[in-house]
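Order of writing sets the chain letters: A, B, C and D. Residues in each chain are counted from 1.
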Amino acid sequence: MTDTQLHVEDLAAPSAHAHGYIDHKDDLLKRLRRAEGQVRGVQRMVEQDEYCIDILTQVSAATKALERVALALLDDHLSHCVAQAARDGGEVAETKLKEASDAIARLVR
Amino acid sequence: MTDTQLHVEDLAAPSAHAHGYIDHKDDLLKRLRRAEGQVRGVQRMVEQDEYCIDILTQVSAATKALERVALALLDDHLSHCVAQAARDGGEVAETKLKEASDAIARLVR
Amino acid sequence: MTDTQLHVEDLAAPSAHAHGYIDHKDDLLKRLRRAEGQVRGVQRMVEQDEYCIDILTQVSAATKALERVALALLDDHLSHCVAQAARDGGEVAETKLKEASDAIARLVR
Amino acid sequence: MTDTQLHVEDLAAPSAHAHGYIDHKDDLLKRLRRAEGQVRGVQRMVEQDEYCIDILTQVSAATKALERVALALLDDHLSHCVAQAARDGGEVAETKLKEASDAIARLVR
């Protein structure tokens, strides 16, 4: 685990180092449950031999929903964890920035 | 030709209706259940306050899994429904091609 | 080259086997020249030390422009080459469909 | 211009606030010139009536090249401008983070 140190710091100042998405947890879970429902809907469509293009439309909708979840998570991560690490400076800051860049690259490709 | 026969069967049993993915239905459903499991896994990670970047990695994996499902569906659709429509010609062919193009554009963006 | 045969046939009946984009050549070239101009614009911005985010906006615009060119090319390809191959049937049809699927997968990822 | 303040500060301490990509300018320009060459290559292929799929492969290569430029720019931007803004804090930090998030969203979609 890369963020053990931050977790230790959390004990002293929980509001400062809690994960970025902590304030949006309910919203994230709601979106994820909706995305799960969309994926299950796609399964039902395949089981019921629905038309390929209609299924594709649903798959695209589920993919876009997950992309929005990813962007929301990344947003929170940048404005909390990464910003905090930048303030702390040093090696942790560099690690966090590298991690964020890699995550962005995975989203783009 | 694999789908001439299916079309003939359609007359007797409309439920068989021979969509392009009919031969890959089990494979598609298996992939979709795995993608559903991944989305549920992401929910669990959010509930347990796991690290943002680890969650993002899982979201990307689920998104990529859905993209592969979409490409597989599109493949089957092109080689069955669209190819058949091209052979039939006329307005149906044009509609099918337009539909496929629109679906591809939705996947790319 | 996979389409040697088609090229040979072109000599006898050019309208039948010309590449799908033949009717949109001017439009494609216009879009490509604009995309080239956008990429050159990005170079100028980097040379003049403009603000990263403004440069990123321009890079995104150029990328989107190229994506639209790709979708237009694919459209023409499906409704001409692939549709023709589907009508001809046989191994050529399968090769063309496989090629188109691979090209779509490259666009999506 | 949103970064007037940073520019003013640049006069005093140029190395601290120069744009993030300043150290990679030559590399960026080299990549951009290569991308420009690729786009020109695509134009030539269209002019010479080359095969659609071969052209599509080239368009995908150019698009991927631009995406890599965008990721490199974003990397530099996060580790310089955004990290600096996070250290400075206040409204500028929020603006920079919002800008970066919007740029990432444009890249993903």
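Criterion: a contact is a pair of C-beta atoms (placed from the backbone, for glycine too) under 8 Å apart; a residue touches a chain by one contact, two chains touch by 3 or more.
Being a predicted model, the structure only gives us computed values, none of them experimental.
Visitor: Look at the interfaces A-B and A-D and say which one is made up of more C-beta pairs in contact.
Guide: Here the pair linked by more C-beta pairs in contact is A-B.
Visitor: With chain centres defined as C-alpha means, what is the inter-centre distance between chain A and chain D in Å?
Guide: Computed from C-alpha means, the inter-chain centre distance equals 23 Å.
Visitor: Among the residues of chain C, which ones contact at least 2 other chains?
Guide: 67, 70, 74, 100, 107, 109
Visitor: Assign the assembly's chain-to-chain touch graph to one of these shapes: line, ring, star, complete, other.
Guide: ring
Visitor: In their complex, what parts of chain A are in touch with chain D?
Guide: Within the complex, chain A contacts chain D at residues 67, 70-71, 74-75, 78-79, 82-84, 86-87, 89, 93-94, 97, 100-101, 104-105, 107-109.
Visitor: In the complex formed with chain A, which residues of chain B make contact?
Guide: 15-17, 19-22, 25, 28-29, 32-33, 35-36, 39-40, 42-43, 46-47, 49-53, 55-57, 59-60, 62-63, 66-67, 69-70, 73-74, 76-77, 81, 99-100, 103, 106-107
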